[in-house]
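Each in structure tokens, the structures are laid out below.
Each of the next two complexes has chain A plus one more chain, namely chain B in the first and chain C in the second.
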Partner chain A sequence: MATLDTDVLVIGGGSTGAGVAWDSALRGLHVTLVDRQDFATGTSGRFHGLLHSGGRYAVKDPSSARECASENRILRQVAADCIEDTGGLFVSVPEDDQEYPDRFLRSCRGAEMEVEEIPVAEALRLEPLLNPRITRAFRVSDGSIDSWKTVSALLRGAQAHGARVLPYHKVVRVVRQGDRVQGAVLEDQRTGEQVTVTAACTVNAAGAWSGQVAALAGCEVGVMPGKGVMVAINHRLANSVVNRCHLPGDGDIIVPVRTVCVIGTTDHPVADPDDTEPRPEEIHQMMEAGEALIPGFKYTRAVRAWAGSRPLLPKAKSGAVADDREVTRSHSVLDHEERDGVAGLVTVAGGKFTTLRLMAEDTVDMVTRKLGRELACQTKTEPLPGSESHRYYWVGNRQEEAEADEPDDPLICECELVSQQDLQTVVARRPAWNLDDIRRALRVGMGPCQGGFCAFRVAGILHAQQRYDRPEANRALRDFVQERWKGVKLVSWGHQARQDRLDRWIFEGVYDLEHLPE
Partner chain B sequence: MTTLSWGAEAWAEVRLSLDHCIKCTVCETACPVAAVTGLFPGPKTVGPQAERFRAGEHSPDLSVDYCSGCGICSRVCPQEVRIAELNSRARAELKRERGIPLRDQLVARPGLLGRTGRPVAPLFNWAMANPLIRYLGEKTVGIHRKAPVPKSVGRTFSYWVSHHRSVPRERRVVYFHGCSTQWYEPHVGQKVVAILEHNGFQVVAPRQDCCGLPLQSNGIFDAARQAATRLARQLSVSGTEELPIIASSTSCGLMMKREAREILGADTAELRSVSSRTYDIFEFLLELHQRGELRTDFKPVPLTVAYHAPCQQQNQLIGKPALEVLRLIPGLRLLELDRSCCGIAGTYGVKREKYDIAMQVGEPLFADILAAGPDLVACDSETCRWQISGATGATSVHPLEILHRAYGGS
Partner chain C sequence: MNPDVVVIGAGTAGMTAALRLSGTGATVLVLAEGEGALPLAPAQVDLLGYTPALVSEPLRELAPFLQERPWHPYRLVTPDEIEAALGWFADLAAPLGYVGSAQRNRLQPTALGALRPTCLVPETMASGDLSEGGEVLVVGLRGFRDFHAQLVAENLGQAHLASGAAVGARAVEVSLVGDPRDLRPQLLVRRLEQRAVLAQLAREIRTELGQETLIALPAVLGMERSHEVWQRLQELLGRPVFEIPTPPPSQPGQRLQQVLFRALRRQGGEVRLGAKATGFRGTGGRVESITVQLASREVQVSAGEFILASGGLGTGGVTVDPDGGLHEPVFDLPVTTAGAPGQPSAEYFATQPLDRLGVSVDSEMRPLGTGGEPLFTNLRAAGAVLGGAEPWREKSGEGISLATGFRAAAVITGGGG
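So, the complex of A and B:
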């Protein structure tokens, strides 16, 4: 079995783990970041996409609100290329508690958030589809943050500073020598080969799975996976984030995410973090909830539904909490040496995508203390690769680029404007284990047709270039299409049902997907 | 999309239609412009797809300007995506941001050109036929030197009609003649009046200005909306509020029937009423015939006529009524030209950068005409007639001119 040596082994390549890798690498530590799947496929790849202004937590969880507000400002500087500056609105509808907006405003100011009440007419001018019956409107600095762009930038940044990244490497065993964790044994999910990583310090950043990873080290982390459901609508019904101005509830935020807008979410405690199948009634609940913000919402075209698992960490060591929303959204860094008498292991859990940088800073502060290497954090000012010019991305960018493209560079994904050259660039940079990896890098298959017209092109091109042999190409195609259909079948009514029938006819009728030779 | 003052509801309806698209590509296979140029990526791409990328302060795409607005895509889409309408709005947005070239300002105002040209008609026509002047016009203003331009005439249609006495009758109609009849082809209007009177109608032709269509297709929406609502008012003179309105220009008729509301988002009580009462001249005559009320005292017309149904006529979704009425004429050999678009699409094909595209779009149609060698080409739209004559040398007429001849007119 091969053995690798490193200063810090980070388990879990979501936003938190990638943030820890970037922070450690910038401080000069040698890092190895591993994930059982591709990076950002856990909660970070299944979240709502909101760069919080803090408004959501202002009344109920002021310390979270304050953290969000200040991290929002920092990320806008250092990770601008991963953010669309959509701005956000909090609007009160007649059914809401009409006292709440004043409390909201006071709390936002208390949390040092940028907030401004605007006339209802102004809000309706900004967002013409908004419920015309709204009674109050506030403008905040919410944004839309792209998880794959962010995690990929963190990884590239860390790698540029010497980090080693191992996707598809699952931690199957934590190596413990007496009271000390000394690393872990990883299993390559593609080949079954094992490798041992020895590390001076191991960081458990496995999010909703951090309880499972801690258990491998004989420790208990009472993380409570909280399932949240989201539904993506075919195009942006709003160009700003639209929040309901009330105590946080279900389905009360619509986030413009690239070409779609996403409504969410719910919060149900689940036993297994891999339980991410939305239930029909949850989807129905989202479509109905949208009506309060955008009348007619439930009749618009939903393209896909999915769910993610919140890594909620109650402050108590373990135990049941009745309502997930009672749990603070701040994060915790657990020192297992102090807590369980197990040295060499730190767990970071809770928190949010928006606070990934702060979570990483707190974690690596503890790691450096433990290693006796006091190195200062640099992530507040060091821009991520791609964000050096501090320019935000914008939904129109791809269309602008497509216009400038060479006419002989055909589009392979028409919905999301991905060209053949884009595909070449991505597969040259990093081998694509499956088409889903390519999707996360390029957004192929994420538009209205959900892979109907691009999946066979991508598989065909990769086969023609001998990156996939025939069985691999067939398997990649089938797996990808079936994965897309999982999310589509949940919303297969109206226009999306027509799309679904056309796509199925193409794949089942024309390609006979079920019986492709392998 | 929030920056122009659209009629909010009509616009929301058009915009939301992008969600109907299932990527079937039918529209792409039917678009005559995408078929001939790589500069235009096609209706699906610039329509329901690009619309998803349009947000905020500036337009991400320029290629939508190459859409001619012929409307074929919207007609063939099995999901009723309002592609051409989406494009039209996107183009208007683009022009609002980038400024509207003088050339487009000019061609968008046929009345302005007509009014300027008329008093000096011979001089104007000489200038328009002068290659040097046309060359300079292309260089400075951007109107292609070979593009078809109408001939100005000395007397307008309204002058003629004000001296014409339509015998008072019980059955009355309002005549919406449009700019080209007013400024360039008053004889078409005279024949319309004669045909309607021959069928027992009194014709009311109120004073009327441009419907705004050329403004619309050149992306000048605010002025277009004003023009359409003004025209609706002009066509609603007191005592005629219930009468059918007969249009002899197909594109202008379509503007009043649908586009003013659906593309421009104009919405007044007068416009709604005018929309519901507007008929294409042949649509009206065919209905008369179906009720047994059309006079069929035709004289034989021993000519071979090739008929082209223009896009804007097809977009009215009324079939090809001109063909059906002309079939009643004895001795007439009628050929149906089964091609989609002549290329001109209003003012599209006169523009320097689009002239070649427009000529290529029309090529199959021109080839059919040249092969058939008819005595006349009949087509309901004036700009298409100019394009066809320009490209083939054939004489082209409004189909009602043939009907007029069958009724004994000259």
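So, the complex of A and C:
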């Protein structure tokens, strides 16, 4: 079995782990980051894409609100290329508590958020599809952030500073010598080969799965997975983030993300963080809830539904919590040496995507203290790869790029304007074991056709270039069709049901994918 | 025009019924919401391919297949009618030189290299029946997104044939002269109709040609002049050439559409594209007229007889609302799920709740109400709007459309029943 040595082993390749890797690498530590799958496949890749202004937590969880507000400002500088500056609105509908907006305004100001009340007519001018019955409207600095792009940029940055990243490497054993964690044994999920990583410090950044990772080290972390359901609509019904101005509830945020918009979310405690199958009633609840913000929402074209598991960490040790929304959105860094007498292991849990940088800073502060190396955090000012010019991403960027492309660089995905050259660039620098890995990098298969036209092209091109052998190409295509169906089957009505028929016509009728040899 | 018959839908079923009726002297108007469904389809005629076991003699295996599926639309027609409909179709589409029979399935390669059972194929695909094996050179066009020759060839090489014969396949990729941005099927067909471009393609292929006895290309060998292009390429290469259908827009489907539209016009019928039927007026169990949405206005179209051939869920013949309500949008006919499961299966290729949606009809092809009674004396339904089939999985779509379109016309002229 091969052995790799590193200063910091980070378990979990979501936003938290990638943030820790970036922060550690910038401080000059040698980092190895591992994930059981591709990066950002857990909670990070399954959220609505909201860069919080803090408004959502202003009344109920002021410390979270304050953190969001300040991290929002930092990320807009260092991760501009991953962010679309959509701005956000909080609107009060007649069914909402009409006392709430004043409390909201006071709390936002208390949390040092940028907030401005605007006339209802102005809000309706900005967002013409908005419910005309809204009674008040506030402008905040919400944004839309691309989780895959962010995680990918964090990891590329970390790698440029010497970090090693190992996707599809699952921790099968935590190596413990007496009361000290010394690393982990990993199994490559693609080949079955094992490798040992020895580390001076191990960071458990497995989010909703951090309880499972801690258990491998003989420690207990009472993380409570909170399932949140989301539905993507095939175009942008709003150009800014639209929030209901009330105490956070279900289906009260609509976030424009790239070519679509996403409504979220629910919040139910689940025992297993891998339990991410939305129930039909949860989806209908989202579609009905959208009506309060955008009348007719229910009849718009939903392209897909999915759920993610929030890594909630109750401050009080265990004990039943009736409503997940009572749990703070702040994060905690747990020192297992102090807490459980197990040295060499730190767990970071709780928190949210918007505060990923702060979580990483707090975690690596503890790691450097433990290693006895006083190294200052640099992530507040160091831009991520791609964000050096501090220019925000804009929804027209892909069109601009497509128009500038070489004439012999054909589009392989018309929905998301992905060219063959884009595909080459991505497979050269990140895992492409599954077509889903490529989807996370390029958004192929995320538009209205959900892979009906592009999946076959990607599999065929990668096979022709000998990145996939024949069985791999067939498997990759079949798996992708199966994976897309997971989210499509839940929204099979209206035009998406019709689209599903066209896709079946192609996969079953034209290709006979079902009867392809293994 | 004051037609005797209005047909809603310009796919295989609608065009079959329209052509049959106009052939007997009736004036027929065909309306299609968009451009009709034919440009989506590979233009092969499937009758029955999987039950789910592979079918080799479709007409003979139909009876046991229907035994287990009392809801299936093939129950509305006899094997003789199916055979007659296929024979009629092959005659009518003579310019495309259809070959094959309802008695036996051919095995034709797909754009992924699976061997797919089907009954009739146009002449440009005729030599691609690999039931008895063969040595194939699969030719890809560099930069064409919808055909990957290497994958087709390797998958074909894995085929297990009942005959015990083997398929040998090798891939080559050739470049076409001209603007690489034109590598879309709609433009490729035009370029290959130019003699110089075709000659250049033949030269490129010839330098790569080995012992292979067959040459396969994506289905872009010309549009109106496909016969000439295909014939000429075979002459230049000295071996049989066949086309493999690619995803929509299907050029063979487009050719078939042109042939069928032209035939109807020759018989005095008319096709109106971009005309969406949205409702009807009627009294006492008769449809008087239908409401048709044109680009600029709405009109009422009256006729003596109406045929609903609007297709299934995929083409808007049936719709599903967010609450799961099922609708037939023109006549508000009841929609059946024909024994399909109530909940979606996690397995993509399993039977899904929406797979068999459609309307039910009596033996005279008249749509039925919830009580099982025919709703209108002068309305018939045919093709994919009929519930109960899983056409892509069974490989049965064109057979159902041809046979039920054929029958709908027959009951109107009094020849059926």
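Of note:
As a convention for this text, the second predicted complex is superposed on the first by the 516 of 518 C-alpha atoms of A that agree within 3 Å, B and C clash if a C-alpha of one lies under 4 Å from a C-alpha of the other, contacts with A are read in each partner's own complex, and residues count from 1 in each chain.
The rule is short, and it goes like this: contacts are C-beta pairs under 8 Å (C-beta built on N, C-alpha and C of every residue); 3 or more make two chains touch, one makes a residue touch a chain.
Nothing here was measured: the structure is a model prediction, and the numbers come from that model.
Between chain B and chain C, C contacts the larger number of chain A residues. Of the two partner chains, chain B is the only one that A:128 touches; chain C does not reach it. In the superposition on chain A, A:505 makes contact with chain C only, not with chain B.
Of the two partner chains placed by superposition, only chain C is touched by A:474; chain B is not.
Look at A:489: by the touch rule set out above, it reaches chain C but stays clear of chain B. Of the two partner chains, chain B is the only one touched by A:235; chain C is not.
In the superposition on chain A, A:284 makes contact with chain C only, while chain B stays out of contact range. By the touch criterion defined above, A:456 lies against chain C but remains apart from chain B after alignment on the C-alpha atoms of chain A.
When the shared chain is aligned, chain B comes close enough to touch A:301, but chain C does not. In the superposition on chain A, A:400 makes contact with chain B only, while chain C stays out of contact range. Residues 407, 411, 453, 498, 502 of chain A lie at the contact with chain B in one complex and at the contact with chain C in the other.
Residues of chain A touching chain C in their complex: 284, 287, 298-299, 407-408, 410-412, 453, 456-457, 459-461, 463-464, 470, 473-474, 477, 481-482, 485-486, 489-490, 492-494, 497-498, 500-502, 504-506, 508-518. Residues 125-129, 234-236, 239, 256, 259-260, 300-301, 394-400, 402-403, 407, 411, 414-415, 417, 447-449, 452-453, 495, 498-499, 502 of chain A are the ones that touch chain B when the two sit in their complex. Residues of chain C touching chain A in their complex: 40-42, 50, 54, 110-116, 143, 145-151, 154-155, 158-160, 173, 179-181, 183, 245-248, 250, 312-316, 319-324, 344, 346-349, 352-354, 391-393, 395, 397. Residue ranges of chain B in contact with chain A, taken from their complex: 1-2, 8, 12, 16, 18-24, 38, 44-45, 49-56, 58-63, 79.
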